[in-house]
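Some structures to go through are shown next.
Presented sequentially are two complexes of subunit A, the first with subunit B as partner and the second with subunit C.
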Partner chain A sequence: MALSKRKKAMYMRYVMYIVSIAILIVVILFIDWGRLGNAMFRWNIVKDQFPNILTKAAKNTVVFTVLGFTGGISFGLLFALMRLSTIRPYRWFAATYIEIFRGIPLLVTLLILGFGIPIATGWHWPNPYLQGAIPLSLVASAYMAETIRAGIEAVPKGQMEAARSLGMSYARAMITIIIPQALRIIVPPLTNEFVLLIKDTSLISVLGVTAATKDLARFGRDGVNQTANATPLIVAGLVYLAMTLPLTQLVAWMERRTKAASR
Partner chain B sequence: MARTTRLLASLAALSFVVASCGGSDSSTTSDGALSTIAEGKLTVCSDAPYEPFEFQDKDGVWTGFDMDIVRKIAEANSLELEVSVQPFDGIWLAPAAGTCDMVASSLTNTPERAKAAAFTDSYFDAFQSVLVRSDDAAKYTTLESLAGKTIAVQTGTTGETFAKENATSSTIQSFDEASAMFLALESGQVDGVLQDYLINKERADKQGTSAVSIKFEDTPEQYGFAVQTGNTALLEVLNKGIATLKDDGSYKTIYDKYFIG
Partner chain C sequence: MNADIVVNVTNLNKSFGDNHVLRGIDLQVQRGEVVCIIGPSGSGKSTLLRCVNMLETPTAGTVVVLGRNLTDIECDLDEARTHIGMVFQQFNLFPHMTALENVCVAQRKVLKRSAAEAKEIAHGLLARVGLVEKDNAYPAQLSGGQQQRIAIARALAMKPDVMLFDEATSALDPELVGEVLQVMQSLAHEGMTMLVVTHEMGFAKSVADRVVFMDAGVIVEQGPPSQVISAPVEERTRSFLSSVLNH
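For the complex of A and B:
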């Protein structure tokens, strides 16, 4: 049977549709919805989560994220500039730092810095927010440094050369000419980084939580323990989505705009 | 009509495919032997390491008071002991979720937990205690002396419940694992670790930098193994196993090995 390429593609697509619909039907038919609802979405438990899930848990997640992001972007910018520096030791230092913190899982970094440093030095973390947010920001800064560096490198070389030939110093050209242009390139990936940080804060609870410092994921897990039901986790997941979805949509919008502007 | 049948048949075929992707079913044996989620194995959920009850020795073999008892019972039923390490938080729900056949995790039988799982007869009596840094041992001898200080507890344990009820003037910090609590004590992040006495004692003896300064012997708790509610076959086997071990002296041998010798 000789089929044209187009027809073949068409049939392929139909088969795909039919398979997808069949899988969907099977899932819908074979799931015990009553049992699922009973185990994962009980309305009275949903109501019990509020308002603490927002006023305490989500607040803590936001505090950790904002602290982590602020620290991450400051150090990230510093390390990006060091990596682009003409001074070799700066480049080496930044490259080593980035490799180390990108290569070790956040969980391990949290344990080493959160417990290891105080045990080794006798120094104590002044408060639990910093204990969680600083390791988070150190790891984030390694990723952000690479994003920022890529953004700066994406600005055409001619921009720097023109600025220097007009008599600007390297620093001034960097701050007033290059970084503003690079920002436009790196804001979408940095926003994605922010979304990743929101989710990464769920690991901080490994360092121990009090009623006041519980983050969203921990709140959900404790809820499961108290109610012997998965509903609190579902609610926590929805609250995460309520935070991350607007941000990911913002990124999509920014990317569309950048595309339109550069056409 | 014929079309509907064909559709149903194809759906059934598809559901079979979906189901077989989902991993192993619990199989039932015809010869009346005990059926477990993995054939020939007794899969046990445990929050380990939790010395001296559940931990791995240098060769990676599961050992400890709970593990020795369960291994004996498994062997008596020609099953091999398999351990699945799980976080303690809600571990008694794991058999119902199909993760394992039973829980052996220094698990106190409480009325709350007994609503969600079936417990065997008690195989051990425990009580709560507070572990502090050796330097503080003379200072913190009552819960009241820890007022305004931070106490570490493990999430989902009876120790957590006990602390929340009795140490109301202290800050309670919850941790996922026993090992994190010990690190927090050592690092000065917390001033006491409230949990079952023998775990704290083991740590104090082994590390030498901490000491058990408070014991709550008046409020005993009973450890039991937990199985899925309704799994009477396994429950019977375990209860019989515990009774046999107590009768033939093996229980005492194991007890002495970990708590006396």
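For the complex of A and C:
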């Protein structure tokens, strides 16, 4: 007798569980854990990473991220308002800027601005932090402009009309009525951008670094060169996770809360 | 110029692209007069109302409110709008502010009243619309009828000379319509100049001094409610009224 549809579905679920567990067991059995641990997670090397990985490398990553984010959100707001402007050249400029910086890989932008401009003009970056953070914030601002614009556009049109009907100027209505509401909408996606920025700072080391401006990724790489062992990179990865996981959890919490509030 | 004419609309035209929504509207509203605009949807009545405070820019014609020619490029619209209150179909309360803040924000930011003065005025108005205990409630915590009454208080806080109501009860559950109409009625009795776009024929009949029937972007017929609603002359008015009154 043929199985009913629902029974079939039920057996299918059991099969999925069994296959998953079988694959996990095979992986655990066939990996040479001793060798893997030796090459990627040696305790004495782990211990050697501290405290410099936190006091120097992670600190630099945070400095690059915060500089990049601050610049990104300031320019991002500016470009978002330009894209929403009634003045066409503003809209064109902002749209072009956003398309260019979102379309070119960050690595290429970093090299062009970090090396290309000094070579072409003879001008030199006054500060190695700015040399990395400014290209980073220019790229971030292109992404954030789109996020902020979407947030502002998500505020119902009636809000602007109500504010204007009360005699508020466009700028006053933006500042008092529209942007505070847009902020609520864009905090979760902006936090995600912040997480992306944390990770993107790892590219800055291509510009060449001094011992003082080494970020987490570069610190890990240099550690690998010194120890001929992958442990420093694993530790660097864990430090990244320690920074990013709380933020992604925060975003998930904020999104759950907005969902609950809008119900 | 007659000082008692609050709103004076002359040969008003408005197009959205190829869609010619208003086709030469002439309308005067006297001080203290309550004018109800009725008509089928798409007849241009909301657009007309939105042109009176320039939320829509007319394609042609002039709009003069309180002696200010709003269609003149020299006119300060922000200043003019402080004298023209508007109430919207969707309430449009500011959701990130409490009821009290909603009523205070424009007093503070536009009229530059002190916090204490704005609050005192707001309390008075919230009491007047029957919501004195809802000071600290956010719009999402209030019913549609309560939100709309706060929206009326917010507009009144500017001490406007004329109030525009754009289908103020159309988005409300039927049992909440009465409380809003009551506030509008008491406002009319106190002598507020009102321009009301509405589907509430009962309200138009009992409160309006004059009823304007619009269709296809023109004023078809106007006069006291006893004439326009009870004994319409024009065929279009009659067929509209029979479709609204007999459903």
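Miscellaneous remarks
Simple rule for what comes next: the second predicted complex is superposed on the first by the 259 of 263 C-alpha atoms of A that agree within 3 Å, B and C clash if a C-alpha of one lies under 4 Å from a C-alpha of the other, contacts with A are read in each partner's own complex, and residues count from 1 in each chain.
By definition in this document, a residue touches a chain if its C-beta (ideal position, glycine included) is under 8 Å from a C-beta of that chain, and two chains touch if they have at least 3 such contacts.
Here the structure is a predicted model, which is why all the values come from computation and not from measurement.
In the superposition on chain A, A:Arg256 makes contact with neither subunit B nor subunit C. Of the two partner chains placed by the overlay, only subunit B lies in contact with A:Val26; subunit C stays clear of it. Shared-chain residue A:Leu166: touches subunit C; no touch with subunit B.
In the overlay built on the shared chain, the residue A:Arg102 is in contact with neither subunit B nor subunit C. Counting residues of subunit A touched by each partner, subunit B versus subunit C, the larger count belongs to B. Look at A:Lys8: by the touch rule set out above, it reaches neither subunit B nor subunit C. When the shared chain is aligned, subunit B comes close enough to touch A:His124, but subunit C does not. In the superposition on chain A, the residues of subunit A contacted by subunit B and by subunit C do not overlap at all. Those residues of subunit B that touch subunit A in the complex are listed here as 10-11, 14-15, 18, 89-90, 93, 115-116, 150, 152, 155-156, 171-176, 180-181, 183-184, 186-190. Those residues of subunit A whose C-beta lies close enough to touch subunit B in the complex are 22-23, 25-27, 29-30, 111, 115-116, 118-119, 122, 124-125, 131, 205-211, 221-222, 224-225, 228.
Every residue of subunit C that touches subunit A in the complex is listed here, in rising order: 53, 55, 78-79, 81-82, 84-86, 88, 90, 92-96, 105-106, 109-111, 140, 151, 154-155, 158. Taken in their complex, subunit A has these residues touching subunit C: 156, 158-159, 161-169, 172, 176-177, 180-181, 184, 261.
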